[in-house]
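Handing you a structure now.
Going in written order, the chains are labelled A, B, C, D, E, F, G and H, and every chain counts its residues from 1.
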Amino acid sequence: MDQVELETILRAHRNGEIDETTAAEQIKNLSYEDIGYARVDHGRARRQGFPEVIFGEGKTSEQICGIFEKLLARSPNVLITRTNEDVYGDIRNMYTDAEWHESARVIRVFRDKMELGMGEITVVTAGTSDIPVAEEAAVTAEAMGNRVKRVWDAGVAGIHRILAERELLQNSRVVIVVAGMEGALPSVVGGLVAVSVIAVPTSIGYGASFGGVAALLGMLNSCASNVTVVNIDNGFGAGFVASLINRKQV
Amino acid sequence: MDQVELETILRAHRNGEIDETTAAEQIKNLSYEDIGYARVDHGRARRQGFPEVIFGEGKTSEQICGIFEKLLARSPNVLITRTNEDVYGDIRNMYTDAEWHESARVIRVFRDKMELGMGEITVVTAGTSDIPVAEEAAVTAEAMGNRVKRVWDAGVAGIHRILAERELLQNSRVVIVVAGMEGALPSVVGGLVAVSVIAVPTSIGYGASFGGVAALLGMLNSCASNVTVVNIDNGFGAGFVASLINRKQV
Amino acid sequence: MDQVELETILRAHRNGEIDETTAAEQIKNLSYEDIGYARVDHGRARRQGFPEVIFGEGKTSEQICGIFEKLLARSPNVLITRTNEDVYGDIRNMYTDAEWHESARVIRVFRDKMELGMGEITVVTAGTSDIPVAEEAAVTAEAMGNRVKRVWDAGVAGIHRILAERELLQNSRVVIVVAGMEGALPSVVGGLVAVSVIAVPTSIGYGASFGGVAALLGMLNSCASNVTVVNIDNGFGAGFVASLINRKQV
Amino acid sequence: MDQVELETILRAHRNGEIDETTAAEQIKNLSYEDIGYARVDHGRARRQGFPEVIFGEGKTSEQICGIFEKLLARSPNVLITRTNEDVYGDIRNMYTDAEWHESARVIRVFRDKMELGMGEITVVTAGTSDIPVAEEAAVTAEAMGNRVKRVWDAGVAGIHRILAERELLQNSRVVIVVAGMEGALPSVVGGLVAVSVIAVPTSIGYGASFGGVAALLGMLNSCASNVTVVNIDNGFGAGFVASLINRKQV
Amino acid sequence: MDQVELETILRAHRNGEIDETTAAEQIKNLSYEDIGYARVDHGRARRQGFPEVIFGEGKTSEQICGIFEKLLARSPNVLITRTNEDVYGDIRNMYTDAEWHESARVIRVFRDKMELGMGEITVVTAGTSDIPVAEEAAVTAEAMGNRVKRVWDAGVAGIHRILAERELLQNSRVVIVVAGMEGALPSVVGGLVAVSVIAVPTSIGYGASFGGVAALLGMLNSCASNVTVVNIDNGFGAGFVASLINRKQV
Amino acid sequence: MDQVELETILRAHRNGEIDETTAAEQIKNLSYEDIGYARVDHGRARRQGFPEVIFGEGKTSEQICGIFEKLLARSPNVLITRTNEDVYGDIRNMYTDAEWHESARVIRVFRDKMELGMGEITVVTAGTSDIPVAEEAAVTAEAMGNRVKRVWDAGVAGIHRILAERELLQNSRVVIVVAGMEGALPSVVGGLVAVSVIAVPTSIGYGASFGGVAALLGMLNSCASNVTVVNIDNGFGAGFVASLINRKQV
Amino acid sequence: MDQVELETILRAHRNGEIDETTAAEQIKNLSYEDIGYARVDHGRARRQGFPEVIFGEGKTSEQICGIFEKLLARSPNVLITRTNEDVYGDIRNMYTDAEWHESARVIRVFRDKMELGMGEITVVTAGTSDIPVAEEAAVTAEAMGNRVKRVWDAGVAGIHRILAERELLQNSRVVIVVAGMEGALPSVVGGLVAVSVIAVPTSIGYGASFGGVAALLGMLNSCASNVTVVNIDNGFGAGFVASLINRKQV
Amino acid sequence: MDQVELETILRAHRNGEIDETTAAEQIKNLSYEDIGYARVDHGRARRQGFPEVIFGEGKTSEQICGIFEKLLARSPNVLITRTNEDVYGDIRNMYTDAEWHESARVIRVFRDKMELGMGEITVVTAGTSDIPVAEEAAVTAEAMGNRVKRVWDAGVAGIHRILAERELLQNSRVVIVVAGMEGALPSVVGGLVAVSVIAVPTSIGYGASFGGVAALLGMLNSCASNVTVVNIDNGFGAGFVASLINRKQV
């Protein structure tokens, strides 16, 4: 955070030029930490209710560890997504309570397990190959204070498999549906429940699936009105949004 | 048909150079009628078991009537697809038994109603707006000697609607599924039946449906293995293929 | 609803074969009304908490009035989207309290104004031309029991315009952002608030905007983690999902 | 299969609440086996007349062997598609009668060779490079009880090559045509025969073939009315559908 | 042509600074006529052996007549493509020998009928709807001094129709093949002849033909090595290039 | 502009809490005028050196006249782009010095003709049909205080036409090149000059030009390093940027 | 070639049933050699004037050598394209006069050097990276009996480089232009010459060049009327067609 | 440079046939050096004010060193882009003052540091991963005589980060904005400054970012009028154009 800007705000507050609420607001919105190759946005955690997550792809283990250390100093729960087991080795040397979620490729420190959600979040996949993306969503939602239910491999070509979970679905506060190929499952689930459904297309498929585009288009054109969509393979985003929707009022 | 070629074949047959089967085969494959702007392929009817259908789009009423007359001279059942009520007026002046199928935009003379199929063909739509394409399929299949069942507006967002027709579907010899938007219905139907499912994407939808491309991709990527696909809005093609599949062995 | 199926369920219940909860569940999920060209899904209202909305495009005024009458017999609030002033004339002859929302092209009967939401829904547009889609979202959300705030023409090329509304945004329970061209506004808004942001791409733009595809891609690739996306120009869907997210727990 | 559900059905049957047909139907449609990372759909075999095939891509040899063992306990013929020679080594250690089809990359146990088809299925390729996809189709069709004829490398640039096989084609009950590049061969074959033609685009080609999209579009736009299409390189799907079409009536 | 530049060249020639060949070359390449809204390139006729053709689309009848007059003052044969009957009315008032080619939408003055070609150019269409584009090619080639043969409606779904013309095709010096839908005909023709084949995709088709893109891709990926391609519906270009290929050596 | 915000800034300044520069900056950045359906960004003129231009498409004549009046009250030069002659009639009734640029479809009041540029801007088109877009660029640049040279119809298929203007091009401070079809001209011009070239793709062309996409891609991939690109048909944007580049230092 | 078919034709000829011309024609068109995985089309050489070229990609060295041997037994000149140095090693062991063209990745036996062309073929590239594709074209054209001129690295951003070769270009009978990136060079060359120009897009470029699609579209939309296009990187095709165009009349 | 052409020009000048200005012009435009595989365009440096930069991709270290040596003989500052550390080793052996810019993958000799710009160029990135492309732009601009400011990681999801740099931005003569994902930052920056903004899309992103296409489309459709765009990842081009814009008048 910029020292000069901060002093200016504080001085204005002490002189009575701005009241306490305003001062707090200004500080909250302006704060970030410039560490050369990145401007770490500490304010985001306060503005959005969760610390900045580290997107691991394209960063060295050293960089990740450095940022991780700083974030963990301020927050009990921290995530690293799209990372690998080597990075996990380095992190575990520093924090023995770090967890490695192999399928999701996520490292998580999960110290504060207080439940913050109004209800449950259910994560559903169409096929077995969609599980890694779904796990990324589930692990994220748990770390943000939610109870999570998992339903794997319930695609529409065997429709009784998803119908068998109707009660579970209808008791959820939010449902995340992860599917590749034709991306049809969110429409079916959307028609079964009275809550918001977050659809995650995956890059699973071959031939004319075009790396998830077929599933993405299917979901955007869903005939169920309660479906919204995130980017291909973006399990983290789905888990993040589901957590915000499920959060208790304060 | 080319006179010289025909005489050559006949002479060769009479001289014993080729046997009867061969002569018949050669005549069957070579015959067409050159009428200036078109080479009417009379052989196709014999090769494929149905007279050439007139694709009405881009032809004048006069041209259509001319071709229609020639085809009807050889066959009891003739179809004109993608046409309009004006053309129907002209046709009805000539043939009072011509039918006008408004929704399907098809004109049909249907004199020979002998059943040629092994079982029933069921045509299903996801929504109300898909009916015109589905009717084109149904009207075609009927004219080619099949019993046809219709199930309209059974899209996946209200999954119990298609489940309610499970018995009907499972008793069909072929199922045609017509759907726009995300094109998910063929996958669900495909999982319910043990026969071939022909999927017809429609250009129904808006936004990122891209004139039927979203539905087309969804169908090509179907997780049900018994689904094949025809071109967007091609109800005629679906009805035609379904008839060939259903045809009794001879 | 199918009479036979209903009687079967009731009889099983009376004989003690199924308990009350199960009977209710079965009835709730199976019910729809087959009116020839459509299977009206009355169950959807109960499953999803709102009557089926009539999508006006491609239906005759007569058909719309017929369905409208049936829906209004069961529900105090009913919407017709993507319709026009002529249809409104016919509807108003029957129901004098029907409202015509010109910009949104929506007809609404809005009799039950009980508030069902936990907080407020704010709808934001990037430009003036995005207002019709935004109004469709706002009118929908109001009819579903929400207080709605509107912020028009606050695109990113004059960034102070959206910053001036920061407080309003941060007090909302859900934010809907409607934008065409490059679709950048949801990312900026997403970074300012701690709640779910629903992005609606519009087909506004020219040249390489490709009917809203540029905006759609921008929104799917948003660098803000709390953004989900609906189809191009789908204001209704955004308003529908926002209402589900904002709904009070029961 | 869920024990509770099964007992419920059986008890209802014994008490005379549901008749035998209904009980059988319910059991058939509800059964699947949840093995953690997958819900194996044993019902599909009964519904569709063939055991679930294992799609090998993205599964470990250990997983494949585990599923294979379970499937083979119930069915004499089982397929693994998109697999490799290492997996074959493991399978052969368990089942010495397993066959390795190198070109098709398929493992097959083929114990029940009873013929189930009404006629023959012919598989045609446009070029030499299309053979692996065509073999996947042929091996599948054989395992499902069909006699299969193979015609390799008969592309349209040397049109006499396919004409030389006219008699063979015209005696088939179904024809599968596998082609890359411009995908023109199905149209030519479609014009020669009176049966259904299943077109399989392959990803063979270079430059503007776009991984099979050029061939796919060519086939969807075929001027022959008896052509339907499956996904790019989906030889298995083509063989599966051809088998359903060819199956004797029961 | 710029007066100053011309004088400079001539003076240099008279002074012996440049020789006759060089002077002629420079004049030939530099000449054009600036008429405000267009720089009429009279040099092109000399460089390419034919006067500049007027592309009628987007020009007023007055502008077309103006340019036409100038061109006809220098050349016996002039074409206007993509025009209409109204413009023809105006042109015929000035030049009574102007011809109107309705199908091709071409106006032609054709005074010099000397044959300039080594052999014949054959123009083939796959369907009846492709004739307008094919006629544009044929009319162009005739005006550039070629004998032209026409073969209409010989698409691949009735392969015997094109085979019946094999002798005609094999006697041509160049073949132009015009096709929409899947664009398969050029590959078949290409395999039958030993000369260059120019493929013209047309925008004929529906569904996934995408305004001629499917045909274009098919032609670019032709498995026959002697096929080159021009833009969608560009009959003029095909006729122009065919004329250059067929031109006698000088 | 918001009254409360303004007073806050002024009071802070008068009390010595902020200095003059800061106050001015804050006022400059915060100002816009909320007129219901639009937030007119008066600050943009000051920030960017030109009043906000009215994009006419999709606005009623009444709305345009209203906004026009307000803008003209503050600025001597105002533009309306993408408009028509009817709007011009209404504007001229209010301001007799308004000009109508038919080809560019621009209305302009041009009262302050002071030259603000360091040098000349040259606008070049490849063909006659590109002139409207080019005129939009030229008229914009003139209104922003630049001398503009026009070179029409100098496409690369007659390369001597652009070479003849080499001297003019090399004396320009910025060059705008407007081209459709293959969009090749900017690369040629880019290689001839030592200044920035702004390329404007136009939607001129047919077949596989895809509404300007072919030209756009050509320009983005230009082998000349001094070329940047604006959106398809965006003449206004090109004229605007060229003016900023050419502006004298202050 | 099929023995039975051949004998049938010969017997018919000897019996006077068909004349000599017909017999020759039938033999010429029907001949191919079925070697299991390929139907080698020996007839193509006779029909098209050159032996079938071996496309090396995806074939083992053993397969290539086998086919090569058979082709060389009938023809003095044979090509293998898209191959590598290892295959060359094997070929050279058998035929010491085989040449290895490293840049073009072509193996060539070139024994008959008789010139068959009417004039010269010139091959031009826009950049250095386009040379491999251009060499494939040049080596092909030489092997088919043509004199070939090479002009490398003459792209449009330094327009004087291609203008310096104007005389060479204008003396050619055919010009092949090979270019990546924006693909502008064929239009410039097309405007300079009075002969057919064959444009070859290359996959050279980055960013939005999309593997040659930008260049391909540029060439298809060329404003020069004498340009035709082949597939991306298809140097062989361009050399083949250029040879057919240049071939002396017989 | 061609000796004969040069002598012709010189002789004409000495004889008084052309004046000094003309002679200089002709020499300047015609000069290039043909070194077999490349025509090095020495004239470009004079025409564009900077030596030809070596694009390293696809060239051997030996080739690069050869060209580098020749260019350095004429110019104090030379760049090699898209290269690697091995090439740098070879270059440094020859020129010990060569710099290696690892992030940008650029080798630079930077001997003449005279400032040629009117003001400062600021380079901004949206994220950390965009830095390599941004460094390529910055290093290029420095070598062309400009002062460059860097602002890294100021993406729109934390809008206060870019607002904190408002003063710096508003004092720049040109701004380069480098962004991947949704490419929204140029629109925000464009709205803050009164100078030209050059937008560089990067291939950073995942899912539906399509290798930079989403960012590219976002930038082309920017709602800020002062934004122009270069190709994906083309940092060099942006730095080059920014230098031309910033260059002092002469």
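What we mean here is this: a residue touches a chain if its C-beta (ideal position, glycine included) is under 8 Å from a C-beta of that chain, and two chains touch if they have at least 3 such contacts.
Predicted model only: the values in this text are computed from it and were never measured.
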Set of chains adjacent to chain A and to chain F: C, H
Intersection of the contact lists for chain B and chain H: A, C, E, G
Superposing rotation of chain F relative to chain H, computed on C-alpha atoms, to nearest 5°: 180
Reference chain F; chain at largest CA-centroid distance: D
Proportion of interface numbers common to chain E and chain F (over half same, under half different): different
Mean-CA-position distance for chain F and chain B (Å): 55
Distance from the mean Cα position of chain G to that of chain E, given in whole angstrom: 25
Where chain G and chain H are represented by their mean Cα positions, the distance between them in whole Å: 39
Residues of chain G whose C-beta touches two or more other chains: 29, 44, 157-158, 191-192, 207-209, 213, 216, 220-221, 231
Chain pairs in mutual contact under the definition given at the outset: A-B, A-C, A-D, A-F, A-H, B-C, B-D, B-E, B-G, C-D, C-F, C-H, D-E, D-G, E-F, E-G, E-H, F-G, F-H, G-H
Contact set on chain F toward chain G in their complex: 126-127, 155-159, 163, 181-184, 187-188, 190-192, 205, 207-210, 213-215, 217-224
Contacting residues of chain D [partner chain A, same complex]: 2, 29-30, 32, 36-39, 41, 43-44, 57-59, 201, 203, 212-213, 216, 231-234
For the chain B and chain G complex, residues of the former touching the latter: 12, 17
Chain C residues touching chain F - in the complex, by the definition given at the top: 128-129, 131, 152-154, 157-158, 160-161, 164, 206-209
In the complex, chain C residues that touch chain A: 29, 44, 47-49, 53, 118-119, 166, 170, 191-196, 198, 216, 220-221, 225-231, 236-237, 240-241, 244-245, 249
